[in-house]
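You will see chain A twice below: alongside chain B first, and alongside chain C after that.
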Partner chain A sequence: MTKRIDNRNPNQMRPLSSILGENENSDGSVIYSQGKTKVLVGVHGPKEVNTFKEQYDKATVSVVVKTEQRDDLRKEKTLEKDLKGILEYMIFTERSPRSEIIITAHILNDDGSLFSTLVNACVLALCDAGIEIRSLVYSITFLITENKILIDPIENEIAKISNHSRVSLVLSKDNEDSIVFSKCIGLTSLEIYDKCLEIGNVAKLSIRKFMKQSLKKNQNK
Partner chain B sequence: MDSELLGTFVLPGEKLGEMNTNPIKIGNGLVIRNGSIVSSKCGILQFKKPDKYWINNNQKRYNPIVGQHVIGFITQKAGTNYLVDLGTNVPAVLSFFGFPGATKKNRPQLKINDTVYARIVVSNGTEEPQIVCMDKNERASGFGQLEGGYCFKCSLNLSRKFLQPRNKILSYLGKKLKFEIAVGVNGRIWINSGSVQDTILITNAIQKTEGLTEKPARKVINMLFDNMM
Partner chain C sequence: MKRQQLSTNEQNFVGSSLISGRRIDLRSLNEIRDLSISFGSKYGQVMVKLGKTKVISSIQATVAQPFKDRPQEGFCRVRISLSNVSTIDIESNRKSQSDTLEIQRMIEDSYRESRVVDLESLCIIPDIWVWEIVCNVHVVDNDGNISDAANIATILSLSHFKLPQVTIKNGKAIIHTDEEKELIPLSIYHLPISVSFGLFEKGEIIIVDPCLIEEKTIEGRIIMMVNIHEEICSIRKGGGTPLTLDQILYCTKLASEKAKEISLIIDRELEKDLKLKTKQEYDNRHLISSILMKDEQTIKSSLPFPISNSLEETILDKIRNIQSLSWTNKNSTIEIEISELSKFTNLSLNLEQKKDTVQVINQKNVDKSGDEDENENENDDDFEANNNYSDDEEDENLNQRNEQFKEFIEITNILQNQNLSKKELELLNQLNSVSSSNNKTNNEKKESQEIILNNQKKIQNNEIEKINSKKNLKKNENHKPDEIDFSIAINPQFQTLKKK
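For the complex of A and B:
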C-alpha cells in the first residue's frame, strides 16, 4: 500500500483526542480533534423554549455552527441544517417535550473532514451532558480518486488532487449496520460507494471504542 | 436483564435485556423500546435488590422527580403562586397554600430572588412541576425560606454525595468551623456561616474535593485553611 502525504495507510484514520466537560457554562461540552481538525461543541438543555419554536410532544433541537473567520455563512448554515437532521435522529426528543436543546459548535481549526469531526464531537458532548440518546452515530469521510479510497482526508490531500469526489457517511450500530446520513460531493459510482460503506462499517468500531474510553475516563472524575 | 453488564460502563443505545414475566423497575437512563430494555445515557449500570435497575451518570441539569428536596429561587409572583427556578426545563409553581398554616388571609411574605428549600409534589412530562414548602404532615421541618447565606451550583452527583448520612468532608469541616448547610438534589448547595471568609472556605472545600477520596480531600482542605490564615 502506498503511503499518503502524512504517512498514513489508505485505511487509517488520524489520531483522535477529546477533552470532556471543560466548559463550565454548558451542561456538556467537548474539545474534539481528528488530527489537526479541532472543534469545540457545547450543549445546553433541555431548557425553556420560545412558544413559536415549542413542540408539544418533543424537544426542539437548535444547532449553531461558527467557523474561525465567519467569512462563509452559507457553509455554516449548511452544516447547521445537516447536523440538525442527524441530531434529531439521535436525541430521544420525546423524553422532554416542550423544551429546547441548543448545540453550539465552534470550529477551531479546519484541516479536512470537518463534517465528520463535527458529528463525532456532537455525540461526545451530548453524552457528557446526560441528554437521553436513542443510538450513537459515528461519522467518516472518504476521499475518492481514480483508483483509491482514502479515509479521513486532510486539506493537503484534497488540494493536491484535482479530479476527486468525497463521501461523508454517518453510520449507526443499531440492530444492523445502518446509514443515518450520507453526503456525496462529486461523482461516485455505486461500487465505490459500497466499498466506502464496507470500510466505514469497520472504522466506526474504532471510533466507538475511542468514545467509550473517553466517556468512561470522564465518568470517574 | 443481562447480569454480566451490571457494574460495567454502558453507552447509550445498548440493548441490555428483554422484557419477560419478572416485573422490574427501571430508573434513570433506561427506556423500553420494542419490548427490550435499552440504555439512553452513558454510565454504570446499577442494581438494587429486589428489582431496581438504573444507570449512574453525572450531569449538571436536573430532571424533577416527585418527592425530592430541591433549592429554588423565586422569579415571579403570578396570581396566588410563586414561580420558582429549579434549573429545570420550565419554572416550578409554588402555591401560596404550600406553606404550613397558610390560609387566604395568612399569606407567605416571600419576595423575588428569595431562596427556598422545597419538596416536589407534582412532576410529569407535560405540565410545570409543583413544589411545596412543607412535609407530608403539613409541618415546616426545615422547608421554607433560606435567609442570608450563599447559594452555588454543582453537579448532581456532588449534591447526592452530600446528602448521604455520614459525609466525611462535612464532618471534617464541622470540626473546625461552624456553619449551616442545605443541599438540593437539583445541584444547588446553600451555606450560611458566621463570616464571609468561612463561607468562601467551605464553598471552595466542597467544589475542589469533588471526586477525591478521603485522604487527598483532607490535604486539599488543609491547604485551603493554610492559605486563608
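For the complex of A and C:
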C-alpha cells in the first residue's frame, strides 16, 4: 500500500483526543480533535425560548458555528444547517417541549475533514451535558482519487491531489448499515459509494470505542 | 436558570470577607490566579487559561492598501468577542458586544500608540500593498477578568506568529510559501501586560484579578497596562468610586510587580515552544504532556486525552517507582511521551528546582550538552538527570545516586522491552557498568551517553522489526478493511533509524 503525505496507510485514521467538561458556564462541553483539526463545542439546555421560536410539542434545536476569523459566513451557515438536521434526529426533543437547546461550536483549527469532527464533537458534548439522545452517531469523511479511497483526509492532500471527490457519512449502529446523513462533493460512482459504506461500517466501531472510553474516563472525575 | 444578579446574601458575604482580608477562593488580596498557556498547531494560535476564564486567539494576515497619509505603515487590529458558551444566560441570536468593545478599544489603541508592533516593517510596496494583521480573540469561558486574559492572548499570538517572506521583482511582489522560504516573526518592541484591580470600600481595599462573583460586588475598576521596563502604556478607569493619588500610585507599583511575574511566565512558554526545530516534534506536540508529581488523582485527571485502563496502570506503576527514589523532589516534573498509543511509553525526568504552579502541555527540553543530533530520541531525556548534578556535590551521595540511577534505567528499559534477548541483556549490563563509575570527566560522560544512546537505538530497532513483520502478514492488496487503527502512524524517526 502506498503511503500518504503524512505516512499513514489509506485505511488509517488520525489519532483522536478529547477533553470533556472543562467549561464551567455551559452544561456540557468538549474540546475534540482528530489529528490537527480541533473543535470546541458547548451545549446549553434545555432552557427558555422566545415565543416565535417556541414549539408546543418539541424542543427547538439551534446551532451556532463560529470560525476563527469570521471570514466566511456562508461556510458557517451551511455547517449550521447540516448539523441541525442531524441533531434534530438524534435528540429526544419530545422530552422537553417549549424549550431550546443551544449548541455552539468554535473551530480552533481546520486541517481537513472538518464536518466529521464537528459531528463527533457534538455527540460527545451532548452526552456530557446529559441530554437524552436516541443513539450515538459517528461521522467519517473519505477522499476519492482514481479509484483509491482515503479515510480522514488532511488539507494538504485535498489541496495537492487533483480530480478528487469527497464523501462524508454519518452512521449509526441502530440497524446495520444505516445512514443518518451523507454528502457527496464531486463525481462518485455507486460502487465506490458502496465501498465507502463498507469501510465506514468498520471504522465507526473504533470511533465508538474511543467515545465510550472518553465518556467513562470522565465519569470517574 | 438565569443568574444575572447575585443575591444579597452572596454580596454581603463577599463584602464582609474582604473587609476581614480574605477572598472567596482563598487567595490573598494581591495574588493572581494560575496561568496556563498552550499553543495550537499553526503559528499564532493560543489558548490561555487564567484560573477558570478561557480565551482563544488566532491571527490572520492579509494584504491590503495602506492609508494615503501613511503610505508605509501596515495595520495591526484586535477583535474581541464573547461567545455563547462563556455565560450561563445566553441567547442564540446574540449580537450585542458592548461588554467587550471597551476592552477591545483599550487594547488596540494602547498597542498602536505605544508602538508594540513595528508597523513600518509590515510594508511590502509603499503606497500600494501592506500587511494587515488581525488578531481574533474569543472568550470561551467567563470567570472574571476578561481584559487580562485577552491581553495575554493577543501578546502571545502576536509574538508567536510568523509572516511569509516577500520578494519584489520588476514591481511585482511574490509571496513565498513556507516550503520555499522560512517564515519571519513580527518585530515587536515590548510587551504590555494589563493588570486589573477591583476597588472596594471607597478605594480602601484593592483586589488584584477579580473573579466573576467579585466583579459583581465591587464598586469600581481600574485597569493598568505596564511593561517590564516599568513604563505605563495605558490606564483606564471607567467610573466607579473615585481614587486619591496615593492609591493610584500604589496600584502602579503593584501592577509593575505583577507585570514582571506574568512576563516571566510568557517568555518561558514562548521559548519552549519556539525551540522546537524539527517538524515532527511540532506535529506531535499534542501527544506530549508533563505532569507534576502529586497524588494519583491529579495525575489521572491531567492527562489530556483518554487512555485505556491498562496503559494508565503501567504509567502509574512507573511513576510510583520513580517516586520511591529519594533524590526526586516533590516539585519535579515527569514528561511522558506516548507513541503508538499502546506500545511505547517513555518516561523521563526533568528536575526543576523552582516551583511550578503552572500545569502546561510542554515539550521536552533541549539537550543541555549542546549536541543536537538529528535523531533526537526521547531517551535523551533519561540522562538529563545526570547532567543536572553539579560537580560540587559530595562523593558520598554519588554512590547512592548511582545505585538509584541504575534502578531507574532498569525500570525504563524493562518497560520498553518486555522480552529481553541475550544481546539485550548484555547491553543492560554495559549500561549498569557505565553508570557505576565515579569521578568521570566530561568527555567520558559524553562517551558513555553515546554508548547508551546507541544501545537503546538498537533495542528499538529490534522491536520495530518485530512489529513490522507482524503487520506484513496482515496486509492485503485490496482495500479490505480488516482493522482500522486510530493509532498514530509510526513516528518517522523510527523509520529513518531502520534504514541505517
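To be clear about the criterion, the second predicted complex is superposed on the first by the 221 of 221 C-alpha atoms of A that agree within 3 Å, B and C clash if a C-alpha of one lies under 4 Å from a C-alpha of the other, contacts with A are read in each partner's own complex, and residues count from 1 in each chain.
Just so we're on the same page, contacts are C-beta pairs under 8 Å (C-beta built on N, C-alpha and C of every residue); 3 or more make two chains touch, one makes a residue touch a chain.
Predicted model only: the values in this text are computed from it and were never measured.
Using the superposition on chain A described above, determine whether A:R70 touches chain B (first), chain C (second), both, or neither.
A:R70 sits against chain C, while chain B stays out of touch.
See if chain A has more residues touched by chain B or by chain C, and give me that chain.
Of chain B and chain C, the partner in contact with more residues of chain A is C.
Touching A:D111 in the superposition: chain B (first), chain C (second), both, neither?
In the superposition, A:D111 touches chain C alone.
In the superposed arrangement, which partner chain does A:K47 touch: chain B (first), chain C (second), both, or neither?
both
Is A:E198 contacted by the first partner chain B, the second partner chain C, both or neither?
second
Should A:N11 be classified as contacting the first partner (chain B), the second (chain C), both, or neither?
second
Which of the two partners, first being chain B and second being chain C, lies in contact with A:S96: first, second, both, or neither?
first
With the two structures laid over each other on chain A, which partner does A:K38 touch: chain B (first), chain C (second), both, or neither?
second
Once the shared chain is lined up, is A:S29 touching chain B (first), chain C (second), both, or neither of them?
It touches chain C, and chain B stays clear.
Overlap the chain B and chain C contact sets on chain A and report the shared residues.
Shared contact residues on chain A (touching chain B in one complex, chain C in the other): 47, 220-221.
Can you check the complex and tell me which residues of chain B touch chain A?
The contact residues of chain B facing chain A are 9, 11-13, 29, 31, 40-44, 57-61, 63, 89-91, 125-126, 210-211.
Enumerate the contact residues on chain A facing chain B in the complex.
27-28, 45-48, 92, 95-99, 127, 129-136, 172-174, 208, 211-212, 215-216, 219-221
Can you list the chain A residues touching chain C in their complex?
By the definition above, chain A touches chain C via 1, 6-19, 22-26, 29, 33, 36, 38, 40, 42, 44, 47, 50, 62, 64, 66, 68-71, 100, 102, 104, 106, 108-109, 111, 148-149, 151, 195, 198-199, 202-203, 205-207, 210, 213-214, 217, 220-221.
Help me check something: in the complex, which residues belonging to chain C touch chain A?
1, 40-42, 45, 47, 52, 54, 56, 58, 60, 83-88, 90-92, 134, 136, 138, 140-143, 283, 286-287, 300-301, 304-308, 341, 475, 479, 481, 484-490, 492, 495
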